[in-house]
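By letter and in written order, the chains are A, B, C and D; residue numbering begins at 1 in each of them.
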């Protein structure tokens, strides 16, 4: 985890700005002999792609990924896999007028304070465009952990939560919100549309479940599986909170209520609950690994917000460009990707130490 | 962040088991010339120390830290600082009967699944005893960032939250709960005592505020200040959730409500709110850095919980030993320490890259 | 230093195979505000470029570098700098017949033993083509250490050493051997030409001197400046030995002969000798940092060498393709680049810890 | 490789000064279930121990190692192994008079230039005493690679080389020089004794051979097995040069002479030579891994050397304390230890990536 690199055994480095020539990732440490082509990656990028409906930004990028290295005759060679997406829709003019203004809720001021200046075109390196490369790298990671099945979905938008009783896995792909509850999806359509029309925005909570993780992945003490998930999720743009298992809810339970009793099972224990989210002492228990991720509402809104110019003068910012009314929606494939990347890293780490 | 090491520029490695000979930490990368003696560390250890009142475990450890290297004539030399605490109260017999049983909510089963066996005495490496060394290392980190003031306190126990309107900094040291709200502290006394008597346990939420952090610490994209805080906090025993700024609350706000407007200030912007918790794009904004940490209720409870033996037989576990009815209380100094360690690391990282 | 990444504070990752689509590097951690364009990098690539005369391989690559990220309005932004060179001259057919044979002295067998298979086209990832990206990254590193001047040259070919008494810095660019001794260059012309015509190859020793390195860069104990130089140089293709200062020669001196006496100087000590190569205890002393690097003779020779096929059958290998009779010559700019990369990393590391 | 930590999968961190309370190492990432007690480590420390005969320093340290963590019921648990040696013979007074003088060839001036001051007692952190912890950590590493047999010996002292024709493995333990050539040992006895009596010192070359390393350990490009060996060896005190296989000698061979022909073998190829030292493309070939390490003569000599005081005044330094006339001799067990540590790290790295 250093600057722009994540992971230890399966490591990936991303680069590129929102409106530069291209964005890319280098995935290093991938096991050899894994079948891999662009076709394994593109569907995940398509799922994340903007401009698909009125609930996401209208910026249109084909986001076609190319594999430039690390694959030979359709298989990974064990050497670095370079992934690249050209930036084709670089409407820099949208941003020229805010070159000299700090957008509240964005990294503009922080970047200037750190680096002395910034690439202001579309947020430059701080743009959520970077997450496309996480999705691409995550697609590679999935192939490293074929035993694991990962599913993320939006559980809450603007404070309106789905009803777990309505959970229908098939429903997720049917609505534009990655929502497994058809009723909630219907409500959210109205909710998000209103926010969009009002020039406002909404936050969201994304849940992610990884099934099939064997017991034993993870490690004490600073490479805990949950610590890595927390870092990976919190590093996603607009994320402000991460929970493992019951998370903050666990803080409101008694010890009895929060217990995950164990019964004799066929292959290790059979757990009677999963408040812990499949992780104990930083190591997987064989139960599904679960986490919840809080996305703040999109900071770029049409409603004017008080701000200052780079010269320190008072001004107002209102965003007229193409933006998501709820970034959490498009964050869903990114959450899945980070889950895959963390788990794949830990699979290899565990194999290295414990054989 | 690898196995038992945390940090990049200011790095620390901890070692030791709950009931081994000793526990220790090696702090590497500390700037030279910092005044340091045991007296700078011991007060923080004393604050965390168990056995101080009936609300924390009755295990008694003097927890006297020794500095074995890295300091010469009262100043850090820039070479590794080795910190060591002898384990003096090693009542291993308390644990002998559970050597063959998996305690629900503990890492017992996960360790066995990973390593094939485990040091079962007091949880071995998975024991919260490890956090004493975080506190010790954190005391060193504080000296690296004298410009920063860090304060953590318990904001909620068993679902009963303090009232921010009652916040009184002086109150924190006056009650056994690190609670800045005298009324809440009174209620919690009853709450925790009841839980203790009932052989049950409670969760807690700890808040932490770091003031004086200049704008510009942190870095894109996987070394974000908030990503590191998330990892650092989530790696603490019993922690299941981390929030930066408004956290999950931000997911329930609109873009307008969540905005942190900026006004011209004397030295950079003056922010009119701090929903972001002092971090934008992974980089500090100059506002106080704030986070909230959820601790689950202590897993070791007197009430029997269904479990299995290491041989897979059904059994029940009830804990008769010395345990905290609410681990979150003693987690408070640990949260402060992790905040200090993350910030000190980023101060040095920033200076390295940006001068 | 992990797989395909080098450095800590200034880190770079390279990717790409000899005959893939492209090769590239990602330089991370570069200070912001450094003037950088392709014109700062291209001259160093041109110097390393193959096909320039009969003493180097006739493979022709324009090796035009593109900067894809990390630079805005002509200055580095502090975010990752992505560098890319398209592979244009991919004559894979030259290599097709050795797909099933292990070339002695090459990594063919080792890669197969490790990964189960390999990209055999031109050696794939094990090709010296990777060093082009070190040269590109090194050009960026030079800009981070403007106070340092780096010069590498060939000191010996095929056992025939230059005469230090003839050292003429201007001469280096005048002959095809980077040789500062005009007489030696003349002898080597004959020597290398004979080897080339005989289908044989020769080894070489490259020396490198970095002037202007201030005292204080480097660090104990496993991040010693000389340890990093050793790793960096040894990681260059065909390198089999590294010396700092007098190197193996120092092992043949007495303590008196090897001493570097110090006299009072204007700014720190004035050293009366530099057997140590400007490094003591892993930290620079303010003297020129010097090292020597041994390149083995090119393994690809026309003379047949006994070998085996991938199926374990006896065979013979003779290389008919385009190869350098003496790889050490083209290694010279690579040695300079690694020196720059190690020093720039340590400048930033030092600044981070010591301010 | 950061500051005081070496390795990736099997990592160790050392701490401690020559004349502090203690020195120690933390070995992290060790596989679980390895039989380990102090008795596995102590013999290697005893071999390195000073004061054993007149050819090494007369400083007397029992150097008794204690295992403080990471081992339970005689087996490694997979958690950090803390090793500690108390410093018992801390004759600080020997060094008090040089507190204000820079010893030529030592790190005194470099440390002051870097850190502003230094622990001058016995060289503090820059003392070769640190290498005791490498030997201790190396003893653990050996247990991780039982398939490998490591042997180091002194091949040359003061320019007088042993004769490979006289190589007798049994002889190594019979003379005080770790010399496998009885004739050379006899000559060296006179040579070293004369140097000692003259208040002078001599350099040495140590060779190390690791047999049983399977093909496939190591990795491109910056984690090459030879790059790691170079870093590990060069980081040893007084080392100025490292060669793999024929090293600088290879630079004087033709391609034909340097070839390692392969013939069909029972299990992979049978090599007919090993100029490469068992490594190709940074990856082991299954042949013995060989390296040579150059130690400079001890810098502390009785003969006066010109120097300056910390205040910049001219002075002379002559060392009256207890010092080795030839540090390379005691470096031999350290070379073995670093070989073991590098190989064990790569065994685990390889297993992690390739299964």
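One rule holds in what follows: a contact is a pair of C-beta atoms (placed from the backbone, for glycine too) under 8 Å apart; a residue touches a chain by one contact, two chains touch by 3 or more.
Quick caveat: nothing in here was measured; it's all calculated off a predicted structure.
J.: In this assembly, which chains make contact with subunit B and also with subunit C?
T.: Chains that touch both subunit B and subunit C, as defined above, are A, D.
J.: Among all other chains, pick the one whose mean CA position is farthest from the mean CA position of subunit B.
T.: Result for max centroid distance from subunit B is chain C.
J.: Where the centres are mean C-alpha positions, what is the separation of subunit C from subunit D, in Å?
T.: Using C-alpha averages as centres, the distance is 26 Å.
J.: On a C-alpha centroid basis, what's the spacing between subunit A and subunit D, in Å?
T.: 46
J.: Using mean C-alpha positions as chain centres, tell me how far subunit B is from subunit D in Å, no decimals.
T.: A distance of 39 Å separates the two centres.
J.: What residues in subunit C touch two or more of the other chains?
T.: Answer for subunit C, listing residues that touch two or more other chains: 2-5, 8, 14, 29, 32, 78-79, 114-116, 125, 220, 354.
J.: Hey, which residues of subunit A end up touching subunit D in the complex?
T.: My answer: residues 8-9, 29-32, 78-79, 220, 348-349, 351-355.
J.: State the interface residues of subunit C toward subunit A in the complex, per the touch definition above.
T.: 2-5, 8, 11, 13-17, 20-24, 26, 28-29, 32-33, 66, 68-70, 72, 75, 77-82, 114-119, 121, 124-125
J.: Would you mind writing out the residues of subunit C in touch with subunit D in their complex?
T.: 1-6, 8, 14, 102, 104-111, 113-116, 125-126, 130, 156, 158-159, 195, 200-205, 214-224, 226-235, 237, 240-248, 250-265, 268-269, 272, 275-277, 279-286, 294-301, 303, 305-308, 312-314, 328, 350, 354
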